[in-house]
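Look for chain A in each of the two complexes below; its partner is chain B in the first and chain C in the second.
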Partner chain A sequence: MQFDPFIIPFNIGLYFIVIYAVVRSVSWFGDLSRPDKLRLQRGFFGKAFGQSIKEIFLESLIHRKILKSNPRLGYMHMSLAFGWFLLILFGTIEADVFGAHHLNAPYKAIFFKFFNPEHGRMGFEAAFSFLMDLILAFILSGLVLAIIKRFSSRVVGIKKTTKLRVLDKIALTSLWLIFPSRLLAESFTSGAYGTGSFLTGSLGSILASFLPAQEMAYPFWWLYSLSLGTFFILLPLTRYMHIPTELFLIFARNSGIKTGDQPGAFREIQIYSCSSCGICIDACQLNFSAGITNIQSAYLMKGIRNNENVSDIAFNCLMCGRCDQKCPVGIELTPLRMLSRRAGETVENEQSIWQKYFPGRQVMLPVKPVSDPSYSWLKQEEPAKTDVIYFAGCMTHLTPAIKNSMITILEASGVRYNFLDEKGGVCCGRPLMLAGQDREARELINHNSQLIWKSGAHTIVTSCPICYKVFKESYYLDVEVLHHSQFIKNLIEEGSLKLNFLHRKVTYHTPCDLGRGSGVYNEPKDVLRHVARLLKSDFEDENSLCCGGSLGNMKISSRQKSMIAHDVATELTKGNPDILATSCPLCKKTLSAATTTRVADISEIVADAIVRTAIKKKLNEPVRKVKVAVDFHN
Partner chain B sequence: MEKHVVVIGGGVAGMEAAGHLQKSGFRVSLFEKEEKPGGHLNDWYKLFPDRRRSSEVKEYLDKITSEDGIKIITGSIIDKIVSDKNQFRISDKDGKEYSADAVIIATGFDLFKSERKEEYGYGIYDNVITSADLEKMFRSGSIELADGRIPETVGIVHCVGSRDEKVGNLYCSKLCCVTAVKQAIEIREHLPSSKVFCFYMDMRMGGAYYEELYREAQEEWGVNFIRGKVSEVSEAINNKLVIKSEDTLAGKPLKMQVDMLVLMAGMEMSEGGLKLSESSGLNKGNNRFFSPADHHFGSNKSNIKGIFYAGTCTMPMNITETISHARAAVSDVIDYLKDSKA
Partner chain C sequence: MERFGFAISKGRQIDYDANSRHIAGYISEREPSFRVCIECGCCAATCTTGNFTSFSLRELHILLKRGENESVRENIKKCMLCGKCTLVCPRGVNTRNVVTLARQAFQKFPADAV
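Presenting the complex of A and B:
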């Protein structure tokens, strides 16, 4: 039997990590809610399994998403992950085909060269050696990039990488040592026996020319085995835990499991799937516009993993969702942040090594119910019966030009509507939710829901994406919820609104809660194309920017918000548009403070394009004076 | 030969400085962007705290600037000042050049553009006006709503564009409070049956006889002062304006209807001054006003030798302070030109 003591560290590490992964997976599965367990079971026998295999291959090995957005960084990740995978795969085949037996223990494949030093002299064996050397060279090229990245992150095109902890550093060093020590070990052995291909063979013969190759090889085989073993044993304590966890995540996601609004196993799986690659840091406007570099999602994930009090990080975020879009692992970063906000302040406690390997379920206590509801003083009103409800929202009341334009549009269209919060209404609840105060938000939601039910309306139109998102997601209403851009588009399509074409150049800014938050990208642009010339910007759709005025951030100063707003305004007015259009009252307010270009909501532009004779006046009602701040007809 | 001093800006500070420079024996050119000098004074009705007519002050300034040796160039916007061996080359927008031995900048202030606080509805609701619009009404002698009716209730909003982080102005314009008090009295004077409500954050009555005026407004004119900022304004179906605020002394949210709302627009660095500071390398402070060389004993000096500041281009000031500041600038010019003679 082929055996040598140096393989012991590797063997211990390997069996440890395999058993560990199984134990953790079983415990995660056990912690999933019943419906999620069912989803996973169904996924295992359904389409999700195949999809997951495909996704694991494309994303975890090839790193397709990173390759697309940043080829050099993608190559680095691919060479290490895919290269290592190939090395194991072909190493196993090599051991199987050319070794003494079939179906070998893993170490025989990993240390094949040690046990078969004479292998690879000619013919098919040589070709296979060549292939193995090629794979090793592929990995080493990525490793060189990784080492350069540690010291100068510019090389791979990423500005900041996350800071490391001591254990991460040890694990990283052992990871870095694996492939160079394999290279040297194989080279020395090859040098001693005159085998090896273009890499190990050539290096081996050079080394053998002035060094005692036979004696030198053995310590390097030890080093190779030790670094593998160390890496495997430390893996659960470091960010490299993402390697096994990601497989579970991909499968769970493909089975239809979502973060939801309660903490649980899926949250933990996602948190451990973060590789701290730093792509979220590059995407974050707080980083590149306001110089805040310690609150991005990678830091949040790391803080939670390390059991730190993350409330400062959790609340210092625009909740714009740009990082969700860019995350190569597809972690639902903003929903995870919401969970941390709900948890509020947490106690930081030092964990023992044992706890670090087996963290107790990171349970977050549900918000303590208060016996006295805080909004009990809200009076329930009787709304008029109507078809369509217009809910302007608080921010629209602060931007009356939008409100007036919507009234003009509604009047012109002849729709039977009721302006629900005309005399001031109750907040939609989302600002409270963003502050982690779900119970209070729920009270407001219930209040508004009752009003909407009582009105008998089939459609609710809102001007504010913040309200829109919460109406859609957190109100359990049997009515159609429309943002006014969608409503206006419908009116245009059904011919209820006759519009002129304004000869104006317009750039459109997609609001976060409407775009990334609710997936409404096209309707506002369709409406704008109908009445004006729409310019393309560098930040469209999923890649749109946050205006900086977000209600989501409770930590930054007005000055920092305005730094963000100025950067956004500068980017979006590059093409010298006549109007910077948006479809959110808060974006309008924020951006108009940051630019001299006129900022207008699409409703204002549409109201101005209305063919004036088409306005139907109800004779029995007093004329409502409606004035839009600037007249476009000239 | 007589030294030549250029004064940029023909408002109170510029006119006062020009008059005193002439008295001190200099040849003076006074540049004014509008068709006639006088600046904001031309728009005001009566001045606080004694409520004398602003035209009296204007008459005094016209008199001192009508002497020989003062050349007033109106309709001219100065673009750039270039310093060149104790001489200054001053060019206007049309490319005309002038030279001078010293320069006094008196570009003054602009009123905060109230449209920027969209929640107050200026430019959207007809009966939301600014303090400057109200002064015009006083001058015309009739205070009326857009449809010609006489307002019964008038709201006055303090601190519009001042002490407001959201519009980027942290500073207090310091004159809006007393202007509000003065205008509240005048509204009551013009319309004895009207009710006036002032919404304030703090009453900053730090000038001679300001506090007395504030007391008079309450005791003799029955003006209501409510401590609380207005959060939003909307229009009701009866064309009245609905104000949402909070009475922070009573600790209660407040909603009321008024016929007219007057916004006390704050003071901001003038656009002309901003351009001049960019083009000529003159330092600005965080509040965007010109930053004097020393806050205590060099408030007229700029960062360029031979260029001096007078009046509200450095900070919000009332007319009394502006006139003193302009005279101090002249004194600095005299010192400077005496030294540079050698």
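Presenting the complex of A and C:
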């Protein structure tokens, strides 16, 4: 049997990490809720399995998403992950084919050259050595990029690399040492025996020409084994834990498990899956427009992993969802942040090393005591019976032009409607939710739900994307919820609205809560194309920007908000549009203050385009009669 | 004793020095814009809650700064955090954070709330 003491560190590390990964996975599985357990079982033994394997190959090894968004950074991740994978795969094949036995212990493959120094002189063997050298060169090229990135983060396109802790540093150093020490160990051995291919062979003969290669090789084999062992043992304490965790995440996600609104095992899995790649930092406008560089999702994930009180980080965020959209691991960053907001301030606790290896179920100790209901003073009213409810929302009341345009459109369309909050209504509840006060928000939701339910309406139209999102997601109502852009589009398609073409150039700004938040991208643009010439911007759809005025951020100052708004307005008016269009009252208000271009909601543009005779005709018809009659009964 | 309809009224001045400014301090430390409020009342004029009740953020600002915390604690719960006030405030006070911090402070330091 081939054996040498230098393989011991590697063997310890390897068996440790394998056992550890199994134990951790079992404990995560045990922490999942019952339905999630069933989902995962079904996913693992069902169709989702193939999907997961494919995703693991494309994302965990090739890193396709990072490659797409940032080719150089993607290459770096790919060369390390995929290269290492290939090295292990072909190393195992090599050991199996050319080694003394079949089915070898892992160390035989990893240290093949040490045990078979004569291997690779000619023919097929030489071709295989060439392949192995090629893979090693591939990894080393990525490693060079990684080292450069650490010291000057501009090179790979990322502006900020995430800050490291001590243990991360040790793990990182051992990771960096793995491949150079392998290169040197193999080169010295090759140099001593005159084997090796273009990389190890050439380097080996050069080194052997002035150094005692035979003696030099052995320490480097030790170093190779030690750095592997150290890396494996420290892995659970560092961000590299994301490597095994991501596999679990991919299976769980493909089985249909979602974050939901309760903290649980899936939250933890996602938090450990973050690779600190920094793509979220680059995507964040607080970073590149407002100079806030410590609150991005990578830092939130890290803070939670380290059991810190992350409340300041959690609340200093626009909840724009840009990072969520771009995260290559597909972590549900916005729902995770909402969970941290709900927990509010938490108790910080230092963990011992043992606790770090085996963190108990992460408890978020909330500091919020139960208080009396806050809105018991709200009186229930009797709304008029109607088909369609128009709910303007608080923000729309601050932008009367939108409200008036919507009234014009509703009148022109001839539908039977009721302006629910004409005299000012109760807030929809989402601002409270964004502040982590769900219980209070529920009170408002119940109040509004009653009103809507009593009105007998089948459709509710809102002008505010914030309201739209909460009506759609958190009101359990049996009515169709439409944002006014969708409503107007329906009206146009039905032919209830006759519009002129305005000869205007328009750029459209997608509001976060409507676009990324609710998936409504096309309707507003379709409406605009009906009445004006729509220009393209550099920030369309999923890549749209946040205006900066978001109610999601509880912390930033008005100056920082306007810095963001100015950057956004500058970007979007690059094509010199006549109008900067949006479909949110809050975006309108924020952007108007930041540009000299006219900023208008799509409802205003549509109202301008309504064929006037049609309005007159409709106004003469008894459109509001029913509503008036009901009012009269009251 | 003969009552002539005169009486010596009790002193009506408020001794501000006896009030605790702890809550106001807690807020302004974490949200510096709390200090720049000029008590203009724009926030109260637009307020969603103010539309239904006599709730006034301007009043609460004044009371907090004076350390008259009790009525603030009772009333601050009524705010819906809708954010209209933030948009109209001429001084750029981050009113939603002021309200949130005040609520937090009352929970953390119940003793100061009198």
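Everything that follows uses one rule, which is that the second predicted complex is superposed on the first by the 608 of 634 C-alpha atoms of A that agree within 3 Å, B and C clash if a C-alpha of one lies under 4 Å from a C-alpha of the other, contacts with A are read in each partner's own complex, and residues count from 1 in each chain.
Going forward, contacts are C-beta pairs under 8 Å (C-beta built on N, C-alpha and C of every residue); 3 or more make two chains touch, one makes a residue touch a chain.
Every value quoted in this text rests on a predicted model; they were computed, and no experiment measured them.
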{"item": "Touch count on chain A, higher of chain B and chain C", "value": "C"}
{"item": "Contacts of A:136 with chain B and chain C, given as first, second, both or neither", "value": "neither"}
{"item": "Which superposed partner A:558 touches (first chain B, second chain C, both, neither)", "value": "both"}
{"item": "Touched partner set for A:426, first chain B, second chain C, both or neither", "value": "second"}
{"item": "Which superposed partner A:435 touches (first chain B, second chain C, both, neither)", "value": "second"}
{"item": "Partner chain(s) touched by A:592 [first = chain B, second = chain C, both, neither]", "value": "first"}
{"item": "Partner chain(s) touched by A:401 [first = chain B, second = chain C, both, neither]", "value": "first"}
{"item": "Contacts of A:464 with chain B and chain C, given as first, second, both or neither", "value": "neither"}
{"item": "Which superposed partner A:252 touches (first chain B, second chain C, both, neither)", "value": "neither"}
{"item": "Those residues of chain A which chain B touches in one complex and chain C touches in the other", "value": "397-398, 423-424, 558, 589"}
{"item": "Residues of chain C touching chain A in the complex", "value": "33, 46, 48, 51-53, 77-78, 80-84, 86-88, 92, 94, 96-97, 100, 104, 107-108"}
{"item": "Complex contact set, residues of chain B against chain A", "value": "115-116, 118-119, 121, 123-126, 165-168, 231-239, 242, 244, 255"}
{"item": "Interface residues, chain A side, partner chain C - complex", "value": "344-345, 367-369, 371-372, 374-375, 377-379, 394-395, 397-398, 423-427, 429, 431-432, 435, 437, 444, 549, 551, 554-559, 586, 589"}
{"item": "Complex contact set, residues of chain A against chain B", "value": "397-401, 403-404, 422-424, 558, 562, 589, 592-593, 622, 624-625, 627-629"}
